[in-house]
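For reference, chains read A, B, C, D and E in written order, and residue numbers begin at 1 within each chain.
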Amino acid sequence: MKDAYWPLILVLLLAVGFGVVAVLMSTLLGPKKPDPIKLSPYECGVDPVGDARMPFFVHYYVVALLFLIFDIEVVFTYPWAVYFKKLGLFGLLEMVVFIAVFLAIFIYVWGRGALEWE
Amino acid sequence: MIPLSHIIIFSLIIFTIGMVGALSRRNVFIVLMSIELMLNAVNIALIGVSSAMGNLIGQVLAIFIITVAAGEAAVGLAIVVALYRNRLTVNVDAINLLKW
Amino acid sequence: MNVTVPMPNLSLVVPEILMVILACGLLLVDLFIPKDRKRVVGYIALAGVVVVGVVTAAFWGKMAQPATTFSGTFVLDRFALFFKEVFLFTTGITILISLKYLEIEKVSLGEYYALMLFCTLGMMIMVSGADLIVIYLGIETMALSVYVLAGFMKFDHKCTEAALKYFLLGVFISGILLYGITLIYAATGSTQLAQVAAVIKEKGLAKNPLLVLAMFMLAAGLGLEIAMAPFHFWAPDVYEGAPTPITAFISVAPKAAAFAALVRIFYHGIQLLEPQWQILLWIICAVTMTIGNVTALMQQNVKRMLAYSSVAHAGYILLGVLAANQVGVQGIAFYFFAYAFMNMGAFGLVIYLRRENIVGDDIDDFKGLAQTHPLLAVIMVVFLLSLAGIPPTAGFVGKFLLFAAAIKAGFYWLVALAALNSVVALFYYFRIAKAMYMQSPEPLPQLSPGRGLVLALVVVGVFTLFFGIYPQPLMSLAKDTAHTFMMFLS
Amino acid sequence: MMINAWDVVFFFLAGLILLSALGVVFIRHPVYSALSLLANLCVTAILYLSLMGAPFIAMVQIIVYAGAIMVFFLFVIMLMNLSKGEYQERAVPWRLLLGLGAAALFAFQIFILAGEWRGVLSPGAGGFGVKALSHFIFTRYILAFELVSVLIFVAALGAVALAKKKL
Amino acid sequence: MTQELVLVVIKMIVVFAVALLVVAYLTYFERKIIGHMQLRLGPMRVGPHGLLQPIADGLKLFVKEDIVPHDSDRWTFYFAPILNLVCALVLLAVIPFSYNFMVTRLNIGVLYILSLASVGTIALLLAGWSSGSKYPILGGLRSAAQIFSYEIFLGFSIMGVLMISGSLDLVKIVEAQSKVWNIVYQPVAFVVYIIAALGELNRTPFDLPEAETELVAGFHTEYSGFKFAYFFLAEYANMIIVSCMAVILFLGGWKGPVLPGIVWFLIKMCAFFYFFIWVRATFPRYRYDQFMRIGWKIMLPVTLANILVTGIVMMLV
């Protein structure tokens, strides 16, 4: 079987079509009895307190940052892994250096306590 | 058969749109995203040229650009976060302690 | 079947490798050093920089011919070595003047030094890159570290703001730089400078509009770090907002790196477009000098004034680039060392005046310095003389070389303009001197500089004078640099 | 017949990219703007895949740009979760003028450049495999490859140093 | 050309229909199996042994009132579940159920799957944000943080397999396992893959976004009706994908004696389903900090070491 990308478009269309149509149908078919309490944000039955704004959680930010960084490493490792057999020892050394630097990042972040979730 | 000029002109248009956004919008996030748009336009041109010439250097550069864009996003948003802590705003207009 | 990978000649990148190891090691060491003894990190960084400097200097004798490695993406020649020494020197001095400052600002952290080392690494790659991709990555490594350093005092409003402005502009301009690289690639099918030059020659692309446009974009992209008009307006803001040692650093090292990269790309990559880029640089040079000097006249804040003065200096150095002859490159090389001495010194003095509650960057803070600290005032005068280009200082020799190169290349009008500008510059340098000598002092609390700062001031002060009186050693080094660098062109 | 089909594909994708690019710049709310950019990046990936024979870049584009950078953006926007009023912007005419100036400049460039391209894209001719690309990155551009790790180190270092409240 | 098109369409419809059916019955079997494990019977009322239960559930969700909270951001509120489902469904297109049976074959199949999986995260973030209420936002951020953390380890864990097979093409990866399955060479990677998959699927023991005690119900607190069902569908569709990938990467895909390939594939896939359900019935939930610690402090170094060891061993052999 040869490579072909065009079927992906069909698949995408089918998936989107299914998604949109089903949601629309259910919106049209379902009952409509809105009332203010039902439409208010859910807070365990208590009246909503404050707006949805909250303090900045820096931990989430750091995790997202780590993800971004290691995602880059993953992306560079794919072509290397695929080509590894041809590259041989030299390729391995290249990747050792590359991973070593990322490990340094990792140790640094760990040591700074950015991985601790209090 | 698509002439390469189409691709390049197209990428220039996108690049310009990004430039307009980066210069005229006030929300830091949108300014940053407009800049990402500019980089994306560069990538379109690079890959177009690369595949028209049958030369892979453009694709290599494109990968590096994407990587650098990630680094820039990390640093840029960190600066925005630091600023947000100090000022509780992300609007470039409100950032005016220093006169340009 | 294995592909044969030519083992790169790693010996040429030893300084860079050492730098990476130093920076990473510094960070890891920093994790285990208690909060009150962070000064040690600074000492380690300094020692490391000195070692790398010595190692780099050891290459000098061997590099009579340029050597390339990593499949021609990296080149080591005397030009690169010379500039690497400039960066390392600047970094060393910056670390010295930071030691005390960081304690006053309460941000003594390993990250600070590590970022500075990474920044230096980026610049070292920039001057050695023989491929636009490598140069670009070097620029970005440098730029990202500088953005963070500029905003390092993250609870200071001005500081984060300066960082944001610098960052937004920098990233925006790097997009334009990239488009320039893309256009060069599109026109020649390569990003390697030697190949680009060969293709231009072979196909006669010297008047190709693509390349001309690319040239504009590259000049713009590098012009940001150089702080040349019309991309100079970030400089005063960032210089004012950033921590003062970093301001000193930004005003010298990235500028030198960007100039080196510009010279390498223009001379080795697109040298056949010389008629075009001469017109471009002529205009930029004239505008940059004038804007820098005229706006500097109106500043009250010393950091801002020095910022505009550094814009003006970028204009003078552009004279050397424009000349495109051996004297020009020699002048650029010499001038950057001289500029490193005098500018670091001037900013060092601003740091000297830094007290608990006073930033020390207003011109009034200099009032009557001659009475309270006569020696300090004398040193400042030396730096000011050098910045203004008056003998017997290194600044004079550098400026002389640059002007000579421009005259040799026939840019008489431009040199006349530059001379006029130098006269204008005298006025604002004189204002600081006047404040120091002719105004009575306000009651000053005791200044308590660190030993590092004193040492740094003495070193740069002595160098400024020494190379002003006896410039031969540095001149001959600069001449060798220019000689090997220009061999390509003949 | 085939030629026309590819032209149609190109103009369709280009139109989508153009629309979403305009969306990024002119939509008021940053979350919608980010979604527009997301669409832009994904359609660009389709463009690479379908017309330019660059499947690996297309995937990297989605993994890194759409899957990491945009997630990061949205993440930070949502962490701050500013209320709607804070997205109001003052209209600044001179900024707009600056933008229009840039646009005019580039329109001018397009006129200069339009005649300069002789190459053509021939989609369907099969592009480069991943391995060809690997060969380039891991033999010729080793230095750049290793430099990337340093660059990312700098980014991580800077971001942590700036964002963490106390170190 | 036309023939090809028709073939693709038929395959596509078959795959989707079967997948949706499998998803529906997965929920049934999950309830049944867990029920039996806990000495209960599970659903019994609708149809014999409750066999029609999933259909009843689907119908119920379909005709339920579709509540859109007034604080919500209407467009994104609708967009998020659709994006989530679409990202899960389009992945089915490249899974080779046997040597010949797949919608389309890509030479970068692995990347295709990982790339779209990462876009799915955005849907969760959007769902949480668009609800305009604090629990969903927190839940969305949590799920996203969890999913993309574990995505990294997932990516690294399959690197060893890629090194061995030297291709990103799923079919070639299976073909490379003709003699020995990759699980023999890559046991560590397999274990990491399974853990990462559990984390990425938000399943017990890592179903933290839905930790009722802390966060009500996670990012889909405000969702109801069919939009809610979409998240559910997407989760189970992702489970199918993850299982398929495990089979392809580590367990030799459709390879097996006697029986036709596709049967082997389905058998292996069902074993994974059973495993996931079993884990859910057995393990308690982790705390969020423990979860993150496991990920970043243990799995990341392990996967990196695995890559290097694989490399060294491949050099020596």
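Everything below uses one rule, namely that a contact is a pair of C-beta atoms (placed from the backbone, for glycine too) under 8 Å apart; a residue touches a chain by one contact, two chains touch by 3 or more.
Worth saying up front: this structure is predicted, and the values here are computed from it rather than measured.
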> Any chains in contact with both chain A and chain D?
Replying inline: B, C, E
>> Count the C-beta contact pairs for A-B and for A-E, then tell me which is higher.
In response: A-E
> Where centres are the averaged C-alpha coordinates, which chain has the largest centre distance to chain D?
Replying inline: C
>> Taking each chain's centre as the mean of its CA atoms, which one is most distant from chain A?
In response: C
>> Using Cα averages as centroids, what's the distance between chain B and chain C in whole Å?
In response: 26
> What is the distance, in whole Å, between the centres of chain A and chain C, each centre taken as the mean of its C-alpha atoms?
Replying inline: 40
> So what's the Cα centroid distance for chain C and chain D, whole Å?
Replying inline: 32
>> Among all residues of chain E, which ones touch two or more of the remaining chains?
In response: 106-107, 111, 118, 137, 141, 144, 148, 168
> Do you know which chain D residues sit against two or more other chains?
Replying inline: 55-56, 60, 63-64, 67-69, 71-72, 75-76, 79-82, 109, 113, 116-117, 130, 133, 135, 137-139, 141-142, 144, 148, 150-163, 165, 167
>> Residues of chain C that contact two or more other chains, please.
In response: 3, 5, 20, 24, 27, 133, 137, 140, 144, 147-148, 151, 154, 163, 186
> Using the touch rule from the top of the page, what pairs of chains touch, sorted by label?
Replying inline: A-B, A-C, A-D, A-E, B-C, B-D, C-D, D-E
> Can you name the residues of chain D that touch chain B in the complex?
Replying inline: 3, 6-7, 10, 14, 17-18, 21-22, 24-26, 30, 33-34, 37, 40-41, 44, 47-48, 51-54, 56-57, 60-61, 64-65, 68-69, 72-73, 76-77, 80, 82, 86-87, 89-90, 92, 95-96, 98-100, 102-103, 106-107, 109-110, 113-123, 127-128, 132-133, 136-137, 141, 144, 148, 151-152, 154-156, 158-163, 165
>> Can you tell me which positions in chain E touch chain A when the two form their complex?
In response: 8-9, 12-13, 16, 61-71, 78, 81-82, 85-86, 89-90, 92-93, 100, 102-107, 110-111, 118, 131-135, 137-138, 141, 144-145, 148-149, 151-152, 155-156, 159-160, 162-163, 166-168, 171, 216, 221-222, 225-227, 230, 288-289, 292-293, 296-297, 300-301, 304, 307-308, 311-312, 314-315
> In their shared complex, at which residues does chain A touch chain C?
Replying inline: 86-88, 90-91, 101, 104, 107-108, 111-112
> Touching chain C in the complex: which residues of chain D?
Replying inline: 109, 112-113, 116-117, 135, 138-144, 147-148, 150-151, 153-155, 157-162, 167
> Quick one: in the complex, what on chain E touches chain D?
Replying inline: 73, 75-76, 79, 106-108, 111-112, 114-116, 118-119, 121-122, 125-126, 128-129, 137, 140-141, 144, 148, 168
